Amino acid sequence: MTERVAVIGVGQTKHAAIRGDVSLPGLLREAVYRALADAHLTMADIDAVVVGKAPDFFEGIMMPEGYLAEALGCVGKPLFRVHTAGSVGGSTAIVAASHIEAGVHERVLTVGWEQQSCSEAMWALSFQIPFQQQLVAGAGGYFAPFINEYVRRSGAPEDIGILVALKDRLNGLKNPYAHLHEPDITYESVRDSFMLWEPIRYSETCPSSDGAIAMVLGNESAAAQAEASSGVPPAWIHGTAMRSEPSVAMGRDQISPLASQECAAAVYAQAGITDPRGQIDVVEMYVPFSWYEPMWLETLGFADEGEGWKMTESGATQMSGDLPVNCSGGVLCTNPIGASGMLRFGEAAMQIRGQAGDHQVDGARTALGHAYGGAAQFFAMWVVGAAKP
Amino acid sequence: MPPADNDRQITPFPGDLWTQPPITVPARSTATEEVQRIRTPAALHYRYNPGIAPTVFLRELAQKRIVGGVCPTSGEVYVPPRGMSPKFGVPTSGTVEVGPKASITAFCVVHIGFGVNAPPVPFVSALILPDGASVSLYGLIQEIPYDEVRTGMRVEPVWVDDDQLSTSFENIKWWRPIDEPDTDPALLKGHM
Amino acid sequence: MRDVAIVSSAQTAHRRSVDELNEVELIQPVIAAALAGAGVSIGDIDFVCSGSSDYLAGQAFSFVMTLDAVGAWPPIVESHVEMDAAWALYEAWIKIQTGHADSALIFGYSKASPGDLPRVLSRQLDPYYQAPLWPDAVAYAGLQGRAMLDAGIITERDMAEIAHRNRMAAEANPNAQVTGSLSVDDLLAQPYLSDPIRRHDCPPISDGGVAVVLAAGDLARSWSSRPAWIRGIDHRIDGHQIGARDLTVAPSIATAAAKAGVSGRFDIAEVHAPFSFQEPIITSALGLSDDVMVNPSGGALAANPMMAAGLIRLAEVAARISDGSADRGVAHATGGHCLQQNLVCVLEGAS
Amino acid sequence: MPDEPTGSDLLEAPLAIEYPFNRTTGPVIGPFLTALIDQRVLGIRGEDGRVICPPTEYDPLTGAPLAEMVEVASTGKVTSWSWVATIREGQPLQHPHALALIQLDGADTSMMHVVDCGSADAMVTGMRVAVRWSDERTGSISDIACFVPTGEG
């Protein structure tokens, strides 16, 4: 007895390095009430709440969802907490959708957030554990070798990362909610920014943000009611998939993880997509460091192995290109970690609903939302579309 | 490359966005500055035990030996061992010595160091596959100009002085090149 | 709804401290035993979900490391909750209801021994008003115990009798950590640990884990000669601000019980009451009659591995159904302080 | 190769997870903490008219936004308590004391804090207590050093 599921409301906060004007519950509520308003619903209409965030050490609160029960209007209702590392925002949305698909609930509120101003990401992700290796190269010491290896294997020009960062930061100017707004950014300013871990420069890295996003998901009748009252069409979920693989294993390829390929294959099969580049109109992809755009273009089937950078170089992933990627500005503009994946999923839904304002891709009918986490080992994706599946 | 445009506008917010309704607060009699952000220091103290397999690894490392855990199903050798063969979900069965000679499977040049033990920048952080191991471990490459490091390059560990040896990863100060032909990078795929 | 059953489960022998093992070494044998109990391997499983908390052992991304105990190759469909693994089972049950999976492996574990658990758990409280005062979890629970005593719902003798019954029952549980008990009179002669709480009213601090295999329909029948069918499952949460709550009741349990279809006769109930005085709050919210056998395992008073103790309640009921000693049971799991969050599951043998 | 380590072969080291977490306070917690500096206690009126103290931005049952902060007394009564015999780092009092729920006069809900009263024998539910203010107040819940019995009722 599986039900069709649609996104019927999306709301997000203004994202910033420090949202000094709101408390932690206030941050979530800003997104929640905006999503409810978008769906023309109230808290009382919600059957269950599914939340996700990254490691609890970030905010220094153990399992904070219990504290947030009242703030989320959840007293007497089910409240569920997902944590799957960086992919958590995507996984959380998928778990929320499964509650409706299973026929258990009609309207589910899902929220992803992070208040990174509570601490520092560098501390929270890598405080020293006894007997473990000191990472004197910082977080980039972990992943930059894989990016460098991608450059070596693909023969990509050195400036592909600059092009991605410039595109996403320019797109971010069209998104009022984005954390980073850098109107003066230029190719030269990205190129001349401090080199951190070759080939990654400072301007090619994501910020640390306070922010939250909420979505209201509904079944077919809830979607019809919401559309009737709001006049905004639902974004139908055409497919969802999650895949995980070990952090270290012989045969693993961190540059083109099998889990990413299989996750994409699964979500495309559900959505009836056989030609991703031809059938998908817009992509919101989890790109925390510039070079992941060409790498994920390949594992998501938009380009052949070693060819993803050519799409970036040709402008195909710009808003004016044939496969716009991260019209919202993406993770490179906004990165409240636990929300970042759900922002990709929510922005994909906003494109379908025609709600993306100045970063709207005209006529977008099929969109991919993508998130990943851990050592490029946890993947979550959904395809949303204008057509009822 | 898009043209530089220094008059770029930032899109304004849509209208009617929900925000917290205004709060009425009883009048204050003093000029006390309003609290907007508080510090809540928290320290938790744990006893840390690394587990059986990492303990074996570190005790061997204190003897300047690198050991990996052997998968009883596939024969794959995991270093540093964490006790499991991750693809099969079974405990590794004992350990074997690997290296010390090794090949660089991936690397990057680092321009920002963290902590007191970071070498002068730029330096090279690399994934290093010891001979006989199935996967790589992280390490620094020194004793060669940073811009001459290559995928496939052959290296060996440089240990701290014997009186400095302990049950620590830091027993290996860094890795340095050895005079052997490079390993074909194509053979290193899947061993990062 | 699809018919879904618990077909196999396994637990560690719970201990105060398992210093020699890390978390992945702790849980792997349990996962292997649960799979073996169903006669399957990870390749037969469609969905994996686990429950753990980084705060307990101070191990960031604990669940990433324990993925190595599963065998996630080729890549698997997998999720994780930062909740008791009873909620991981709920996610798996939902997943099977969507039709995207017919089987699931669920596990939960923790090592609480590396830290000072009563202090660590204070990090779960209101970060502005409560956590900065560092209330320890035992004294915090005592606020609920006092409310029960003041309301005349329970006496200290009742509390000792509950502790005595659970710990005596635990003598038959090979995985229990604390078994046997002084007499009720002798328990009452013991000093307070945190008035009104004596040591016997508290759960032990445990290192341990549990794993469960779920399967749907005919698959369940082929994997178990007597599956324990999930007839209803639901979870609810109450408010966090205990100063705005009536601590003598947990309305979320009653709501979850109604949604899960708790009514009629039960042979057995396993309820997740970390503190003695919480047991009657749960049994009365479940509306259990006096003839129901409550906590034959000894409950959380016999072993309380955080993030696993709730799922263990479901596993204990399922095991008694599968071995034929019970036909119908109810299991309860809790999360948070003072029974804030609760899950209720009805299990039956007859298909 | 050595056998598996046991007993004294085990490696062990201390691990401290320590950070001075920053928390933004927003439009309700901020004024509450600010008022503590001035030795005043604020609550907020709930949807049903009850006064919630300490105040939240939302109703404790429905989650609806709340808007009217009101002043309550710095005296009240103990609605529940337990005895803290073993003192832990960071607790407000470094000698045995009560952890308590305290309903301040003018409030309809209770605040968790501690009571300094010497021994458990001196504690009883319903007893009257008053705030003992901290000498150095910075705008935190610890500006209330503790509560003390008033000796009345």
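Think of it as A, B, C and D in the order they're written, each chain with its own count starting at 1.
The rule we apply is simple: a contact is a pair of C-beta atoms (placed from the backbone, for glycine too) under 8 Å apart; a residue touches a chain by one contact, two chains touch by 3 or more.
Remember, it's a predicted structure, so these values are computed and weren't measured experimentally.
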item: Pair of chains joined by more contacts [C-beta pairs], A-D or B-D; value: B-D
item: CA centroid of chain B to CA centroid of chain D, Å; value: 40
item: Geometric centre distance via CA averages, chain D-chain A, whole Å; value: 37
item: Gap in Å, rounded to a whole number, between the CA centres of chain B and chain A; value: 24
item: Separation of mean Cα positions, chain C and chain A [Å, integer]; value: 33
item: In chain C, residues with contacts to at least two other chains; value: 19-20, 55, 58, 65, 67-68, 72-73, 114, 116, 119-120, 123, 127-128, 131-132, 239, 241
item: Overlap residues in chain D, where contacts from two or more other chains coincide; value: 4-5, 10-15, 17, 19, 21-30, 33, 56-57, 60-61, 65, 89-90, 140
item: Sequence positions of chain A contacting 2 or more other chains; value: 18, 20-24, 26, 29, 33, 57, 59-60, 70, 74-75, 124, 127, 129-131, 246-247, 249, 251
item: Touch-based graph of the chains, sorted into line, ring, star, complete or other; value: complete
item: Partner chain A, residues of chain B touching it in the complex; value: 1-2, 4, 6-14, 16-20, 36-37, 40, 42, 48, 50, 54, 58, 74, 76, 78, 86-87, 105-115, 117-119, 123, 125-127, 134-135, 137-138, 140, 151, 167-170, 185, 189-192
item: Complex contact set, residues of chain B against chain D; value: 20-26, 28-30, 32-50, 52, 54-56, 58-60, 67, 94-96, 167
item: Chain D residues touching chain A - in the complex, by the definition given at the top; value: 11, 13-15, 17, 19, 21-30, 56-65
item: Contact set on chain B toward chain C in their complex; value: 38, 40, 42, 44-54, 82-91
item: Of all residues in chain A, those that touch chain C in their complex; value: 1-2, 23-24, 55-57, 59-64, 66-70, 74-85, 91, 95, 98-99, 101-104, 124-125, 127, 129, 241-247, 249, 251, 257-259, 262-263, 374-375, 377-378
